[in-house]
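Note that chain A is present in both complexes that follow, paired respectively with chain B and with chain C.
And now, the complex of A and B:
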């Protein structure tokens, strides 16, 4: 694996919606965050904890009130070293919640091609980018020429994500990619995301409410509450800190809670189990099996 | 941008004007509108401006709310005002340049027209500022009730209005969301020629239509599953009888528009 490089760094970033209006609403307070190359990061937390706002800052959809965001990605900054918004948009691919709502073209191909064309690519390059993105998302070549609105919700979501991937971003940011999908599609998605990192050396930032997937996929987890990052670390660190998870009512992994309760009764755990299998293995170790 | 679109959004302050019968408020708006078209002397425009200001104060609203409603229309107002001044006919010539003639009559006419339109918007905004959308559609239903005699679907009509009003903010939010999503895919809404910019709205409009149709479908199913059967035999949740206070307010309105009628009759 290559040396980890910082791609985006946020320092002490704060953000307020509708600044100066009666509807003013502070969304982020002093957030520090670093995104490294080929790393999967998950943001978890309540609705309204600032996850979606943070995600939009990464893509320069919003500008922070204070603090700074730096993009250490080639070609994003102009000669003076300042980030160019349009280039940030293509280098940091942002997929919104329910991305299927953004599909508008007559065929799937056209829709995926929208991004690359906007970047000024010629038809050959566009075609290459579209096919590559479709393949990465596991889309059949046949459906590329279908009208998007005949597709199922899950497939349409893949189309929408392919539309972002076709812009060849270095970082992919997904706002609740699994919302409203059935368990099977969720599993499929999890595999796809791991595949994307493998094939493209892509960093992935996602917002998720599903702690199991967060634990299984992420290299690092950030828990947010009230616009602040309250807990961060690798999945084991985060989910073993049950007191803090409880304090901010973020939720627990069942296996981690069981492990804590059992260790109070004399069963030893070498590491916090994140899945049922790990839990079983750890318990069996105590019995010498 | 989003906040400017909604002209005179409901501002609850709990004043007696807010609580007054929406039906009578709508009829009052019509009375004021008619009066504005009846009056001949310009000083009465200032009288109606003063009346509007008194209503504003009684409703415990700030003048800035009114101005915010007028802001998007300023350009149209000024444009028609200038055009009227330049191209209306008259005898007393004040200034001439090519085909452009400014006459005293033209000046007066433009002023009257300008005041008329501004006051119309002000009174209409006063109604929407003090009446919630639901009350408004209840009021319209009440006003249209006589049309039932000629088989006009009054209830369905007012339901359509309620739903349309209810979904304006939702659509505004939806547009914002889709716009962001397309921007993340490289769309650009602030650059390019006029035709290019118009074309750029396709990626917003199509998803907007699709989600709107979907939403309409879901709404219809939700209503049917709660046994909505149309207006036949349907009773109301909010039942409000007009009381003495409502009639008093209406009499005050009649008194307020009286000068307009006198002015009109005197000019005949």
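And now, the complex of A and C:
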């Protein structure tokens, strides 16, 4: 893997919806966040904690009221060094929670081709981009000519992601990528995301309620509450801080809680277990097994 | 209450087209809470749609409270008996204000004003949204929206409630609130509930677990029986074990001997801590 490079940095960013109007609503307060190249990060927190607002800022759909957001991505800024919104939108690809919200063309091919065409690619380049994106997502060539709405939810989600990948983003933002998938499909999706990072040197930002996958996939987790980042770190740091997770009602991993409670009873843990498997292994170590 | 006899179903009647459900024999008694689990494409949603006559079996019979779903004259009677809640509440909320949304179905049933009023109050109290009565539906959280969708269905006073993945879009807190509500609907409102879910933790609190695979019902019985035995059932049908079961099964593989009673208790973290601490004391 190449040397880690900052792709997006947010410094002390605050944001308020409808500023100055009676419906004014503050959504983010003093957020500091760095997204590095080929890093997977997950934002967790309740509805209304500011996750979606943060995602919209990353994608330049909203501009902060105060603080600073910088994109260190080639080709995103104009000659004066100012970010160009259109370019940010294609460099930071956003996939919504419901794929049917963003898939709209008559065939899968046309849908994936929409982005590259809008970026001014000719038909040959577009075709190449479509085939490459479809291949990355493991979509069979046969389905490219089908209407997207005949596909299952999981496949439709892959089509939506392929449509974003066809614009060759450096950062992929996914809102709840696992929602509604069965465990096997979730595992498949997790592998797919890891593969994308590997093949494309892509950074992935996930918004997720699924703490198990957040723990399994992320390099770094940011927990949000009331528009602030209240806890961050690698998965073990975050999930071992059970007091804080409880304070902000973010949820917890059962393995970490059981490990904490068993430590109080003299059982030793070398590290905070994130899964049932790790917990069982740690328990057995106490008995030389 | 719900009775499937030799049910086969396929979406197309062309020769050779595949069956979405095959040879389903299933009985869900009145007042039972049944969970339907299985991989994507195993037939869960098809099964749910057979329950309220959105689909009729290709062969065999489905009866709801004694009414055959294949008979046209039973259609509306059954649809009033069986309420349906979908995965995404947004698809099911029609009003801009909470009370109007809940009143939508009773109004369309042509009920008297006072009766509508009574049903709206009943439904909103049941789901714990009585204090949100005059709120805009758009201002509710995800969990509240799902509870509103459930209230909209309860206002029709169905005997049976079918919920298709009602917690898939929710965070842990929202998920807990919906599961508590489902248990309340079963225990206090005495409804029969069919819950389609990918969350095995949710399936544990049901009376009966039905596991589908490739359109066949592979298991129907108490959930703890399904998840015991080293989790082999779960693995075979590409399902995850509930956390506590996975933990205990793994420890059993390495020489511990937790039994059925321990599995029954393996739901919460504090219970699990207790069982394990006790077992470890014995080893020492």
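Worth pointing out:
Here is the rule we go by: the second predicted complex is superposed on the first by the 289 of 289 C-alpha atoms of A that agree within 3 Å, B and C clash if a C-alpha of one lies under 4 Å from a C-alpha of the other, contacts with A are read in each partner's own complex, and residues count from 1 in each chain.
FYI, a residue touches a chain if its C-beta (ideal position, glycine included) is under 8 Å from a C-beta of that chain, and two chains touch if they have at least 3 such contacts.
The shown structure was predicted, so the numbers you read here are calculated from the model rather than taken from an experiment.
Superposition of the two complexes onto chain A shows a clash between chain B and chain C. Applying the stated contact rule after C-alpha superposition, one finds that A:174 touches neither chain B nor chain C.
Judged by the touch definition given at the top, the superposed model places A:114 against chain B, while chain C stays out of reach. By the touch criterion defined above, A:41 lies against neither chain B nor chain C after alignment on the C-alpha atoms of chain A. Of the two partner chains, chain C is the only one that A:267 touches; chain B does not reach it.
More residues of chain A are in touch with C than with the other of chain B and chain C. Shared-chain residue A:96: touches chain B; no touch with chain C.
Judged by the document's definition of touching, no chain A residue lies at the interface with chain B and also at the interface with chain C. On chain A, the positions that touch chain B within their shared complex are 21, 56, 59, 61, 86, 89-90, 93-96, 99, 101-104, 114-115, 118-119, 149, 163-164, 167. Those residues of chain C whose C-beta lies close enough to touch chain A in the complex are 38-41, 87-88, 141-143, 165, 168-174, 198, 238-241, 243-244, 246-247, 250-251, 254-255, 269-270, 272-273, 276-277, 280, 283. Remark: chain A residues 46-48, 97-98, 152-154, 176, 179-185, 209, 211, 249, 251, 254-255, 257-258, 261-262, 265, 267, 276-277, 279-280, 283-284, 286-287, 289 touch chain C in the complex. Interface residues of chain B, counted against chain A in their complex, comprise 3, 177-178, 180-188, 202-203, 206-207, 210-211.
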